[in-house]
Amino acid sequence: MIIVLKQGTTKDQISALSNELNQQYNVTVNAWYGEHSTVLGLLGDTAKIDIEYIQAQSIVESVKRVQEPYKKANRKFHPDNTVIKVGRNTIGDGSLTLIAGPCSVESSEQMEIISGRVKKAGAGILRGGAFKPRTSPYAFQGLRAEGLYLLLEAKRKSGLPIITEIMSPSHLPLFEDVDIIQVGARNMQNFELLKELGHCNKPILLKRGLANTIEETLMSAEYIMASGNENVILCERGIRTYETYTRNTLDISAVPVFKKLSHLPVVVDPSHAAGIPWLVEPLSLAAVAAGADGLIIEVHNNPEKALSDGAQSLTPDTFDQVAAHVTQLTEAMGRKVNNWGVAE
Amino acid sequence: MIIVLKQGTTKDQISALSNELNQQYNVTVNAWYGEHSTVLGLLGDTAKIDIEYIQAQSIVESVKRVQEPYKKANRKFHPDNTVIKVGRNTIGDGSLTLIAGPCSVESSEQMEIISGRVKKAGAGILRGGAFKPRTSPYAFQGLRAEGLYLLLEAKRKSGLPIITEIMSPSHLPLFEDVDIIQVGARNMQNFELLKELGHCNKPILLKRGLANTIEETLMSAEYIMASGNENVILCERGIRTYETYTRNTLDISAVPVFKKLSHLPVVVDPSHAAGIPWLVEPLSLAAVAAGADGLIIEVHNNPEKALSDGAQSLTPDTFDQVAAHVTQLTEAMGRKVNNWGVAE
Amino acid sequence: MIIVLKQGTTKDQISALSNELNQQYNVTVNAWYGEHSTVLGLLGDTAKIDIEYIQAQSIVESVKRVQEPYKKANRKFHPDNTVIKVGRNTIGDGSLTLIAGPCSVESSEQMEIISGRVKKAGAGILRGGAFKPRTSPYAFQGLRAEGLYLLLEAKRKSGLPIITEIMSPSHLPLFEDVDIIQVGARNMQNFELLKELGHCNKPILLKRGLANTIEETLMSAEYIMASGNENVILCERGIRTYETYTRNTLDISAVPVFKKLSHLPVVVDPSHAAGIPWLVEPLSLAAVAAGADGLIIEVHNNPEKALSDGAQSLTPDTFDQVAAHVTQLTEAMGRKVNNWGVAE
Amino acid sequence: MIIVLKQGTTKDQISALSNELNQQYNVTVNAWYGEHSTVLGLLGDTAKIDIEYIQAQSIVESVKRVQEPYKKANRKFHPDNTVIKVGRNTIGDGSLTLIAGPCSVESSEQMEIISGRVKKAGAGILRGGAFKPRTSPYAFQGLRAEGLYLLLEAKRKSGLPIITEIMSPSHLPLFEDVDIIQVGARNMQNFELLKELGHCNKPILLKRGLANTIEETLMSAEYIMASGNENVILCERGIRTYETYTRNTLDISAVPVFKKLSHLPVVVDPSHAAGIPWLVEPLSLAAVAAGADGLIIEVHNNPEKALSDGAQSLTPDTFDQVAAHVTQLTEAMGRKVNNWGVAE
């Protein structure tokens, strides 16, 4: 950490700050006296230093981190990829995992049709929302506990592991048989929820928030990991920009950047990024080309009757095509798809 | 609601959709047949129609709302300002309320000093964080229950009503003697929390999220109101943009826009918007000039030792000046400050 | 075009506006009278109607376009891809064109080395800046006329067609032997320049501005086309968002969206989008997977000595690898690379 | 300037870079050797060092400026406010200047009516566009040379100095009798134009670009100043964000920040920032409260017939009210309005 001091700072002030930093954080402080400004360099483990605390000191002009503020999520300290096993899928080992299913769980029949179709098309994990975060209080809020029940039923019948979103720490007991718990973009900095998820041992798929930086996303992963659960999957699902043609702007660069900075697997959600069905295929292909470990795609047997997100869901037929083209590209790049459905 | 249909849509498809909309939402549907496109106009209460559901229909090209999707928060249906009484303050009646205090509650002494100073300077409500949302799991997380205890002690001693942030529905029982419950920007779309707060009868200060539109903020207010609690105060605290000089970009236009669209009171937080102490005064003055009903400002007796947000806190002496200049401007505009501290 | 009128609008006002629109723009106006609001629908060629003019009418609440405001760039009116021939490259016919070279033209030797290497690696067009837009007036501004001379020399020696940026209409005479004229992101709405370029018959590569929407980009293409030059190539080079890890955020969705809305070819610039050399490969692969017709990549024989943009330039060795991987992916997708250098 | 080096950098590499920086930029380089990283500190005039050049060095991890990259626009080197005299107005001396007039100059009658009204209401400078940057090539492009002629006529008749926008360096001869030349937001980084304007001795009003930072705006001012013309007025006119209710988002913080970092006067354009007439008053008041030296407001005698920007123009009657309220606030803050029209 490098601290630029204000002009006119005295040596006494510098030594007082140096002593305090040394005592409080066990770092050693080197000072470099320039003509117009003085710079301090901090040696030691600075990841846990609160940068705002430093900025609050009256003699401080600005601060620059040299070390990243995350440790457990940091590839520097864990050079090997984290590989997360979910059913027969391995996420993070170079293979590609397809996650597919409806936005909302709606009925037993719906889940049976969709799970059969996506499994056949090559999906290794079934998605489906029981608790639904909706902008409007008047919109369908999900079947909640009943939705979870139907999703577990679909898991038993299809043999596919399942992923579904949690919206409150108090719902955690209901998620016992869920394979991956999803934290939605709107809850990425719901820190009480993150801490709670750090105490369970299930894989957590953490979606990047609409206004969150790559570093903040890694800090939220760090919350879960620091609480004891290192099974975190990062998910890029589009960020909010001024462009209005697409629902959000897929930050494709985040895929290689996450993989460079962190050892955690990275999944891309082209359905929420675009909000437009015909964009799912090109964005899926781009995500694979950029190095994503998985895709999570909304598929509905009857998008026009979907209780949520119908406008961005693929039909099973379209998903067949997307999955085929994605598989072709993945294999052309020397990677394989965790395609258990087809194998059976 | 106006629905533009795709080219080639048949009359049968149109009448099928019209019938369905009529049955499901009790609206009447008028069709206008253009040369290149057909447009449907929906008559009746369309606020509760899920716009995504309409977009999901295969014959639909695009949809445009004519009515706003919020009702309880909408000034059209409640022309008079909502006025919220908190202690001796009236928020929303044209007067200005100053809310001040430390970012985090740290100790009994700190709270006594700060509450005394801000009350004397003209603050009508004391702020202080007990549960603290922090980007890093390694940063100070607030004194939590103990912080609430100290804040309540400061309330008793100073006579000032208090505002503090809630981070989880499960903490609600601890907030029984809190006067205003704050929902932080990161939880603005934590819908489970919003619903829970709709069941209590306390005023809720709802901060706009960093990536949330004005309309989404009103929809989150609607969540609380639809659940039964109409005492909502909106808070503009800066949005995330590409500009890096300031921590966030204060959207000053949001103040008059919120007041135009809604009858709810609007408070501005210049401390979080700017992240820089010397910007608090000009932004406070701008907020008052733009019509804000209140200001919420971070004040710390010793910002350099603050356990959080020291970098943006004012000293009590600086707050004295800001409060004096704000009062002068408010009165010049023919408004009064709810200045109970000085009055005593 | 659909116009929602304000509540309380009289029939006389409506008929006055209808008559005026009919006379001024030769459109017919249909009115639909709802319970709470009245909606007008305009029939005919509405692309040339100034939407701001409509919004300025006192009886107008809001306006929604049904037709796009661009015509010549619109795929609806030109379903076939525009294919632009530059030397032996065909841009827009399904093949991939690699454009490569230094940010700035610096010397005869530099151009000879780089043009030789990028040609051998598969580039079909040579890039190089003579007039350089730089944020600082103290930074290297390009060799200007001399740079153009050196670039033309490199064209003669290498046989590669060249692309270079124009910054002022008055420089146009110098560009007579340039094969593609580039309009930089900062000049995307320099309308006087666009009009001037519409009067020449050379291909124009139009870079999307940092804060410009997809539609605005197509409107700038329309400026060039409406002035008589239909040889426009669109270029996505990253937009400005709040994320700071990358220099800009590559809007990968813009590639398929541009191709859907328009018949013009689309090129991606991963060098400026990322600003980081190791991101050029994954972003190039993603761009090809998403359907780009070409890539424009900065390559320098000695990035550390580059007079501009060294930080994001590839070395010739790294470009060899990127070109090889891009070629492999392109061919796996059933497309071919316009690889003339290697063929010779 | 502080340079963080990559791990593993050798002493030889460091001394090579140090020598080069010393020779090329006449700065001395200090090295500080940490455990995990080495940091270089540069002493001397670093404002002219190209930060991209440093970033391109293979041993460099990251770079941080301590000094600002602008000198002539920097308040550190010119502590006193620059005061620009335009007619009888003094801009930058603590007084407030009102600039008002139509978006586009349309006719002699229009200019006579509007100039009379805005002068009477207190405007000290008349605005009016002759060359109009429009998103669509099919929209009204301004009366161009004829518009300038009509504007000069209005200047003669009203006695008000005039401001109008330039779009190309080649039009400069036409601007001989214009009092302030405006650079529009879309041309803020049209560097060829900025350099040309640096060679004339007229005041330049430089509008911040829609995606440009505060620092980039100051760098564009620096372009004009470095070319010899120090009469620059900065203008905040809203930036592009995800919020769609307003046309742009007025960055009110930019006002005090510009005044802190620079000695140049700052004007606010609430008309373009909001795009909504009823927002002009609250935003004008906020701008004055935040410390703006002037306001530039669109006024049209018949907004419904305006050839451009009618939707955001005030009527003369509304401008009377805005001017009165702005004057009242300005005087309440102990400042005066340069109100020459009324005085006569």
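Which chain is which? They are A, B, C and D, in the order written, and residues in each are numbered from 1.
The rule is short, and it goes like this: contacts are C-beta pairs under 8 Å (C-beta built on N, C-alpha and C of every residue); 3 or more make two chains touch, one makes a residue touch a chain.
Quick caveat: nothing in here was measured; it's all calculated off a predicted structure.
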Reaching chain C from chain A through chains that touch each other, fewest steps: 1
Chain whose Cα centroid lies at the greatest distance from that of chain C: B
Length of the line joining the C-alpha centres of chain B and chain C, rounded to whole Å: 40
Distance between chain centroids, defined by C-alpha means - chain B, chain D (Å): 32
Distance between the centres, which are taken as Cα means, of chain D and chain C, whole angstrom: 27
Sequence positions of chain C contacting 2 or more other chains: 211, 239-242, 244
Chain contact graph, described as a line, ring, star, complete graph or other shape: complete
Of all residues in chain B, those that touch chain C in their complex: 2, 4, 30, 32, 34-37, 39, 41, 43-44, 61-62, 64, 66-67, 240-242, 244
List of chain B residues in touch with chain A within their complex: 47-48, 50, 52-53, 55-58, 69, 131, 133-141, 167-170, 186-187, 189-193, 195, 209-211, 216, 219, 222-223, 226-227, 239-240, 303-304, 306-311, 313
Chain C partner contacts - residues on chain A that touch it in the complex: 211, 213-215, 239, 241-246, 249-257, 260, 273-274, 278-279, 282-283, 285-291, 328-329, 332-333
